[in-house]
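Once you've had a glance at the structure underneath, I'll fire off some questions.
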C-alpha cells in the first residue's frame, strides 16, 4: 500500500538464501549478493570507461541493485531449473513476471508505477550496462563456488557452477573487463591455497 | 543414478525452510514438517477407525511422508502464489511435476520407477487417506502460525494463515476428527497464554 | 493435558540436535531424522516384499515415526553412553522409560493411553518391522557420518560411527535389503569424491 | 595484492553484524544494509529530481555502496561510541581512516588507487548526494529499530534509536523527500500493528 | 590421552545448549553460562567478605568454572528431570558420576587425576563457597528466564523457572548477598519494561 | 544504574564473536572464550605451584574472567589492528579505556567502583598471574586456529595465527608450563589427523 511496503519487502530478501537446499559452508542472502554485484559492476564499468566506452551510470545503478528483486516472490530457483529444461525456465520467468506486475499494481503508488515497471524489467538486455550486470552476476557465482571448493565442499554441483561461471565470464562481450579478469584477477585466484584443487579445472576451461 | 541419490536428496529437504523470506521467531524445515504431518495423520486415522471408518495404513504412510518431496526442486512457494492467482498456482504445479518426472527417470532405477511415480503423485485425492493428509497438513500450518502469534509476531500474514488453516480444518469431510479438533483440542489451544490474542480470531472463525 | 500437549511436544524434537556437543559441518534434528528413517524403511520394506516377505505397514509406520520420541525428555545421548558402559546404557533406558510413562499418564487422554503405551514402546523387537526400523536407523547414522567425512570432518568419532554403522548394516537379518545396500548403494557411495578418503575404511569393513 | 583481495573482502562484510552485542530478533549484516541504503537513496533521488533538483547518479551510486566499507576493519561500533563522547568518536574515525589508507596502498593496484581513495572517503559531505546517503542511512536505522519494537524487543536502546533516527530524518535538508517521508510513509508505518506501541513515540517526536 | 583431550572437550561445552528442546528467543551454551556464574560468584563473595565472612578464593574459582563440566557427557537435562521424580534425578547423577570417573581415568595423566577428582566433584557442598556457587547458578537461571519473559516468551515453563529461581535466591544462607539481591538488584529488575509482566510474579514470591 | 546493569552486560559478551568478519567453521563468543582461558590458567597455575612457584589464586581468578570485558564496548578487533600498526593499537586501547571508565562511573555503585577499577585494568602485568593469563589467552588462540586448520580452513590468516600463538607460547616466562606444553601437549596435538597439515608449521616454529 505504498513505498513503505516496498521498503519492508527489501528486508525479506535478507532471508532468501541463494542456492537453497544445497549444503554450503557459508550461506549468502540475495540482499548481500545484490550489493556485491553492484560493487563488481562499478569496477568493471571503470575499466570500460578507461578503455573508451561510455557508461550510463544511472542505468547501471538501477540494473544492479534491482536485478534479483523478483526473487522476493519465489526465491532463488533459477539455476537448478536452467539445468533442467528451457520450457520450465520460461514458465518460471512468466510466474515471476506475473507476480511482479501484481506487486507493482497493488503496492506502488500510481505516480511511481512507471518508474518501477522500468526498473524492475529484465536488466540483461544487451546494452553495455546489461553486459556489465551479467558479468558482475556471473562473477558472484564464480566467487561463491570458488569459496566452497576452497574450503573442501565436495558436492560436484559447485565444481560445475565454477566451470559454467568461468566459461561465461571469459566469453562476455566486454573486452577490457574480460582481459583484466583473465590476465590479472585469475592469477590471484589460482595462487590461493585450496582444499579442493581448482587450478586444474581453471586451466581446462582456459584451454577450451 | 540410483537410490543413493534419492536418499541423499532427502537431506536437502532439511535445508528447505517453510515460508521462506518471511520473518519468523522459529524456522521449520520441510523434513521435520513431513514428520509432524505423519504424526498428526496417524492420530486422526486412529480416531476415524474408532468411528468405524476403514483406513489403508500403507497408503497413509506413503502419502504423508512423500507429500512435500517435490519442494526439493523449487522450495516452499505455494502459499504466496495461492494468494496471488490460480493461473500462477497451476503453472508452478506443472513446473514441479515436470521436474519430478525428470528426477524419477534420471535417478530412480528402472524397476522402482513405477513405485516412485505412484508414491510421488499428488496425495490429496479425495480418499479418506487423502483427506487425512490434507487435515494433517493444515494442522501443521495452524500450529506454525499459532506459535508465531503466541510469541508476538505482528506480521499480519500469520493471523491470516491461522484463520485460513482454522477454517479449512473445521470444514474437512472427516466428521469424527473435526469434532475432536473443535471440541477438545481447540479448547486447549485457547487456554494458552499468548502475546497476540488469538481467542478473538478463533471465535470469529467458529461463528461463521 | 491432552493431545494438544503431545502435538506441541513434537515441535520440541525439532530443537533436539543429534550428537550434541560434537562439531559437525551440518546439524540434524530428531524430527527430520525420524522422517528420513521412515523413508529408508519404506524403501527396504518394498524390497523385502518383492523378495516374498510379508510386511505389516501400519506397524512399520508406527515404529519409524515414534522410535525417537523419548529423546524429547533427555535428548540424544545414547551413542556416547553405549561406548561407555552397558550398565550406564541400561540406566539411561530406565530413565527414559520412566519419563515416558509419566508423560503418557499425565498428558494423554485416558482412552488413548493404551494406544500410546503400545506405540511408544521399544520398536527394535526382532520382528521384520523391527529389523527394518533398525536398518533404517543405522542407515541414517551411516549417512550422517559419511557426510561429515566427505566434507573433511577430521574428528575420529565420525570415522568410528561410519565403521560401526556399516558393520551393523551388513549384518542385518534382512537378506534382500542387505544385498541391495551392499551391491548397489555402496557402489554409488564409494564413487563420490570426498575430502577424507572413505574407500579404504569401507573396504576394510567389507573384508571382515 | 589486487582487486581479487578487495572483492574477497566484500564477502567479509556479510559477516559483520550491525549493532553487535545487542539482542535482536533479527540480525542484519553490513553488506545487506548497504544494499538497502542504495535502494532507499535511489527512491528519494527520484523524488528530488521530480522536485527539480539535479542528481549526480554516479556519485550517489558510489557513495551508497561504499559508505560502510571501512567497517571491514573494525566492525560496526559507531553508534555506542557516539552516545559516549565526541573525542572517542573522532579517534575511531582516525583509526578507520588509517586502516583504509593502509588497505588501499597495500591491496589496490597503483592505477586504481586514486579512484579508491576518492570513492572510500566520507560520503556525507553536504552535497545533495551526501544528504541522500545520510537520509537513506538513517532510514535503515529507523526501519531496523522499528522492526525490533514491532516484535516486542523491550531493550530501551531500540526505542532510543527509533527516536534519534526519526528526529534526524525529519530535519534533513531535502524538502521533497522529508515531506514524502512525513506525510505518506509515516502514515503507513503508524498503521502497522506492533507489540510495543510506537504511535506514541512517533507523535512525541513529530510535535517537537 | 592427556590434558590436550581435556582442553579440547571444553570446546564441546560451547555446543551444549542449556534447556535444550525448549523454544527460547536466545540460546545460551554451558561454557558461557559457567563464565557468568563465575562472575556473579565473585561479586557476591566480595559482598560476603565485606560483611566479615572469610572466602577461599581458590576454592570458589575451582567450583564455579568446573560446576557444569559433567554436562559434556549427557547434556543439560537436570531441570526437567527434577520436575519429574527424585529417583530419576538420582539415577542421572549416578550416570554422570560414572562417566566422569571413566573420563578422568582414561584421559587425565596419572599425576593429575587426584586434582581432577577433587575439582570435578559436586561443588554445592554447604561451605560458603558452595553456597556462593549455588546462589550464582540460580541467579543465571533467574536472568535467563527473566530475559525470555521480558521479550514475550509465553511458554509457562519460563515463568515457573523464574519463580523457582527467585524463591531459591531469597532463601540462600548468605545474608548479606541475599539482602543486596532483594533490596538493590531486584528494584532494578522490576524497573525494566517487559512484554510479559514480571512485577506481579515477583511480588507474589516476595510476599510468601 | 547498578550491578544489575553490569550483570546484564555479561550477556552481551555472548553475542560478541571473536575474529568477526573472518570465515570460520566454528564461531566462538567472548564469554565462552573467557571461561576456557580461566580453565587453561588454572591448569598451568597448578603446574607452576608444583614447580615451587607461589600463585595468588584470587588475582588469577579476577584476571582471567575479566580480561576481555572491555570488548563489550568495541568488540574483538585487536588482532587485525595489531597486524596493522602500533599507533592504531594504542589508540584503540585508549578508546576502550575511556569507555570502561565511563561505564564504571555511570553504572557501578559508588562503593564498588574501586574494586571494579582494579579488576578491569589490564591484567597482563608481568606478575606470575599476568603471565598465566597471557599464556592461557594465547593457548585459546592456538586452539581456535588449530581447529580451523584441522577442518580445512584455507584462509592463510589462521596458519598465521597458529604460528604467532605457538611462538608466543614457547617464549613465555613460565618454565614448567612451557615445558609441559612443548613436551607433552604438543605431541598430542601433532598426533591428530588434520585436513591442512600442521605438523610442518609446528616443526618450523619449534626449530627457530
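Should a chain be cited, it is by its letter among A, B, C, D, E and F, assigned in written order, with residues numbered from 1 in that chain.
FYI, a contact is a pair of C-beta atoms (placed from the backbone, for glycine too) under 8 Å apart; a residue touches a chain by one contact, two chains touch by 3 or more.
Since this is a predicted model, take the numbers as computed values, not measurements.
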item	value
For chain D, the least number of touch steps when starting out from chain A	1
Mutual neighbours - chains that touch chain B and chain E alike	C, D
C-E against B-C, pair bridged by the larger set of C-beta contacts	B-C
Interface residue identity across copies chain A, chain F - same or different by half	different
Centroid comparison with chain E (C-alpha atoms), farthest chain	A
Counterpart interface for D-F, drawn from B-E, C-E or A-D and sharing over half of its contact pairs	C-E
Chain B-chain F separation of Cα centroids, rounded to whole Å	49
Distance between the centres, which are taken as Cα means, of chain B and chain A, whole angstrom	33
Cα-centroid distance, chain E relative to chain F, in whole angstrom	24
Shared interface positions of chain E, touching two or more other chains	11, 13, 23, 25, 147, 152, 195
Full enumeration of touching chain pairs	A-B, A-C, A-D, A-F, B-C, B-D, B-E, C-E, C-F, D-E, D-F, E-F
Footprint of chain A on chain F - complex, ascending	23, 25, 152-154, 156, 195-196
Chain C to chain A touching residues, read off their complex	25-26, 147, 150-152, 192-195
For the chain E and chain C complex, residues of the former touching the latter	11-13, 15-17, 20-23, 72-75, 77, 80-81, 84-85, 87-88, 91-92, 94-95, 98-99, 102
Residues of chain D that touch chain A when the two form their complex	1-5, 7-8, 10-11, 13-14, 28-29, 31-32, 34-36, 38-40, 42-43, 46, 57-58, 60-62, 65, 109, 112, 115, 139, 143, 147, 180, 184-185, 188-189
